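One chain, chain A, links the two complexes that follow: it is found with chain B in the first and with chain C in the second.
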Partner chain A sequence: MKNNFVKRITSGLLVTGLLAASLTACGSSASTSEVAEEKEGKVEAAADADAGFRTVDEIKESGTINIGVFSDKSPFGYVDENGEYAGYDVYFAERIGKDLGVDINYVSTEAANRIEYLQTGKVDIILANFTVTEERAQEVDFALPYMNVALGVVSPSDAVIESLDDIGADDQVIVISGTTAETYLTKNYPDIKLQKYDAYAEAKTAFENGNGVAWANDNTEVIAFAIENEGYEVGIPSLGDQDTIAPAVTKGNESLLNWLNDEIESLGSENFFHADYEETLLDTYGADYEDTLVVEGGK
Partner chain B sequence: MASLGIDVLFKGTNFLRLLQGLWVSIEISLISVILSIVLGLVIGMLMTIHNPLLKAVLKVYLETVRIMPQMVLLFIVYFGTTRVFGWDMSAESSAIFVFTFWGTAEMGDLVRGSIKSIPNIQFESAFALGMDKVQTYIYIILPQTVRRLIPLSINLITRMIKTTSLVMMIGIVEVLKVAQQIIEANRKVSPNAAFGVFAVVFLLYFIVCWPISRLAVYLEKRWA
Partner chain C sequence: MNTDILIEYLPLYKDALFLTLRIGWQGIFLAFVIGLIGSAILHFKIPVLKSIVGVHIELFRNTPLLVQLFFIYFALPKVGIQVTAETCGKLGLGLLGGAYMIETFRSGLEAIPTIQTESALSLGMNDFQTLWHVILPQAVSISVPGLLANVIFLLKETSVFSTISLMDLMFTAKDLIGMYAKTIECLFLLVVFYLIMLLPISIIGAIVERRMRYGQFGD
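Showing the complex of A and B:
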């Protein structure tokens, strides 16, 4: 028994020793490669201030641009039945690829990882319905806008609400909790009674059942609702702060940012984004909202 | 059937894309599962060795994996390594690394538990027959361990297959993501498609996981 114990200990030590040796070997090789990496990083950093992104020339040289888009947000960025990316954002992306003379590698992004993708340089541009906000502008650089978003209010056609002053003291407005609509109305119109729902589907059913005189939400949502459902009208298509949607690049990528701004400005002269709207958004939002939603030439 | 929206799957190449997505899921999980089983056996045996330092290291490893959500691990490996070291790991290799890292730790713990559950008398009898340590492990302990491991590891393997749906967060388009794409692209023409499409995805996961369960039952009977 004692002999076994000794054997066990020696074999245990042997294995540990081997493991330790291999670990230190790994460790040392890792650290040398890290040092090499650092050196490389410094050289590159000296060359273009940050190794995390690619300039326009580098993109052209490589022949491919990586563009992050939504793959499941119809009609802005989605994949059609033939497996091709399509939508308002993608239509613009295609043009960018054409004008740069490079192939496009679409990367399917989620709302939650758009900033990470840019900060690590894993995509060159994000074109995923990215609303410009102050907080985001500290993390990434936004180019000129190409679309508007604001709040909208939809109401039944027989009692259209065209101004928030039309809402009576006893009338209730439906909102979804946690949306900008809720925040905006609570802050600016504290007298209006709100009826809050957690999910889109609940709010929709409540509104259809006549629980409230109007429904306030993102204008793209209410416009789509009014077009899909008969008997409703968007009385207020644009309310409150106008937010814009713009392409974003890695913070500090001046070369690509300037190229994009020039591109958006020059596309304005051929009414590119109106053509984009007519091609991709017309079915969902109709012709009436073209000028409300589209931003042409970055203005 | 049309009201369930299954018909959207037969538009264009939709169904083919769904199967391609399924293959991506299977590929990632299969490679990770195989690596996890092999490395898990090694780690599990190391876990039974009485060495304070080794024990502490492995304990930290196991607890890290237990505490960290897989999603966080994916973000750390895919985005974090680029940020800190400037490595540009592909999304697929990041996913395989994370799932293997997770699988190895859990598999290792299962192996440790199975080895510990084998009565000491088995070791002693083997030594009494004149076998050395390696022989004892190969001929006596491991065969019994593997048999005990089967039901435990099936849980882990099927869990790993299902958790691959998280890889959509690092841009890999797998079966669940394709399903969402198809549903969303047809939101207007077929609002109920979510029901039918997810039902088909459920069926696909079942088709993948069920044979694994059957294989486990078969092996358990054969090796019993």
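Showing the complex of A and C:
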């Protein structure tokens, strides 16, 4: 009994000690001059990248490309009634697989782990409605855009929120963790209380259950939600800057990045993304949004 | 690893720790109460209630906490029962923990030789007095290691709270990574804070366990 007790205390102290040691080690490396730190960061990034990504040739050789898509974000990336991936992003992914001549292994992602999946090499490309932002561009490389997006806010028709000033001090706004809506509101409206969910489906259910006064997300999504569900209205259709959505690859994966850029440019000549829109988004948004949403040939 | 970032994120992790502890302790208290009542019901073999406890144990031990939280938080409002995220967390933890606590207490009760019950009854004590004065003190002390294991298990289970929008430690880390992509710093803080929360319990548990051994007699 006593031995057991001593053992427990010792192992506890040991863990604490190890942590303290690693802390001090990190502390000392961080206290070096900024220039050195930056250099170190670059070396680290390069080392990470070497282990983390596959070039176009390596992908072709292996015969399979791993593409990260959403599985719960209709109509952009979702699993349809037959269990197949479908949507605007997936339509493009299918074409990438075809033009590379490889099979596609779809990897289902959540908003918050898109960067990690690239950095750890779990996927070659992220095609999960990934909005281009400065912060993200420091962590991953974005190819040319294929869609436009802004933020939007949807709320119940009987209490429509038309301006963010309408939101009371105790009201909660639903957002999905890791989205541009979350970052934008955190940065520009720190007083608004956010209720965060880690997946689209959960945020949607919570909003339907009345857990928040409004739901802020990409405007494409809130518009789709309001069209599909009665009793909701998009009170704020465009918030913040107009952004673009683009495929992303692991930082430093130039061969795949260049291949994607060439692909997107050449697809422009056949109006591929308009066809994509008509195939996947027309039912949801109608023809009115086609020119607003689609970016053809990377421009 | 960047120490400035660690310091910047520290308050957020502190809030998350307090949230986890607040919900954790209230949930565990509920679990403890359910455990005591449930095991007493099983001990006295009270008809009907006995079956209800049996169903409770099987239902909550054989479904993940994640599923239970989903049900309480997302499904119940559809039939008109609205619960806040915090209540849902406490309830889920209490019901799940209750199922485990019942079993732990019961194993403690069963460990007491029946000769003691028989002796107490023959001395003229009634059922409740036998349980309260003779059986329970010993049973609780035997159950202590199991109870502490349950407490640590339940506190760790709080890591699935992110599903119901509670900013616990796990969700805070995931959320910060999603926004600012400082993966190493965020995950490091996550491990540190879980240890800050659980190591003391583990150590105090070892001390309590040693002390409580006096509670046994008869052997």
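Here is the rule we go by: the second predicted complex is superposed on the first by the 162 of 299 C-alpha atoms of A that agree within 3 Å, B and C clash if a C-alpha of one lies under 4 Å from a C-alpha of the other, contacts with A are read in each partner's own complex, and residues count from 1 in each chain.
Keep in mind that, in the parts below, a contact is a pair of C-beta atoms (placed from the backbone, for glycine too) under 8 Å apart; a residue touches a chain by one contact, two chains touch by 3 or more.
A quick note: this is a predicted structure, and the numbers were derived from the prediction, not measured.
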(Q) Once chain A of both complexes is superposed, is A:A111 in touch with chain B (first), chain C (second), both, or neither? (A) second
Q) Which holds for A:R136: it touches chain B only (first), chain C only (second), both, or neither? A) second
Q. If you stack the two complexes on chain A, which partner ends up touching A:G83: first (chain B), second (chain C), both, or neither?
A. first
Q. Is A:T183 in contact with chain B, with chain C, with both, or with neither (first, second, both, neither)?
A. second
Q.
One more residue to check, A:A287. First (chain B), second (chain C), both or neither?
A. neither
Q) When the two structures are overlaid on chain A, which partner does A:Q119 contact: first (chain B), second (chain C), both, or neither? A) both
Q. Which holds for A:A169: it touches chain B only (first), chain C only (second), both, or neither?
A. neither
(Q) Touch test for A:S71: chain B only (first), chain C only (second), both, or neither? (A) first
Q | On chain A, the residue positions that both chain B and chain C contact, one per complex | A | 4, 8-9, 12, 15-16, 19, 112-113, 116, 119
Q | Contact set on chain C toward chain A in their complex | A | 1-4, 73-74, 77-78, 82, 85, 162-165, 167, 171, 174-175, 177-181, 183, 188, 191-192, 195, 199, 202-203, 206-207, 209-210, 213
(Q) Quick check on the complex: what are the chain B residues that touch chain A? (A) 11-14, 17, 46, 49-51, 53-54, 75, 79, 82-83, 85-88, 127, 133, 168-171, 173, 177-178, 180-185, 187-188
Q) Along chain A, where are the residues that touch chain C in the complex? A) 1-2, 4-5, 8-9, 12, 15-16, 19, 22, 26-27, 29-31, 111-113, 115-116, 119, 135-136, 138-139, 174, 177-179, 182-183, 186, 195-199, 202, 205-206, 209-211
Q | Footprint of chain B on chain A - complex, ascending | A | 4, 7-9, 11-13, 15-16, 19, 34, 37, 40-41, 51-52, 68, 71-74, 78-83, 107-110, 112-113, 116-117, 119-122, 228, 283-284
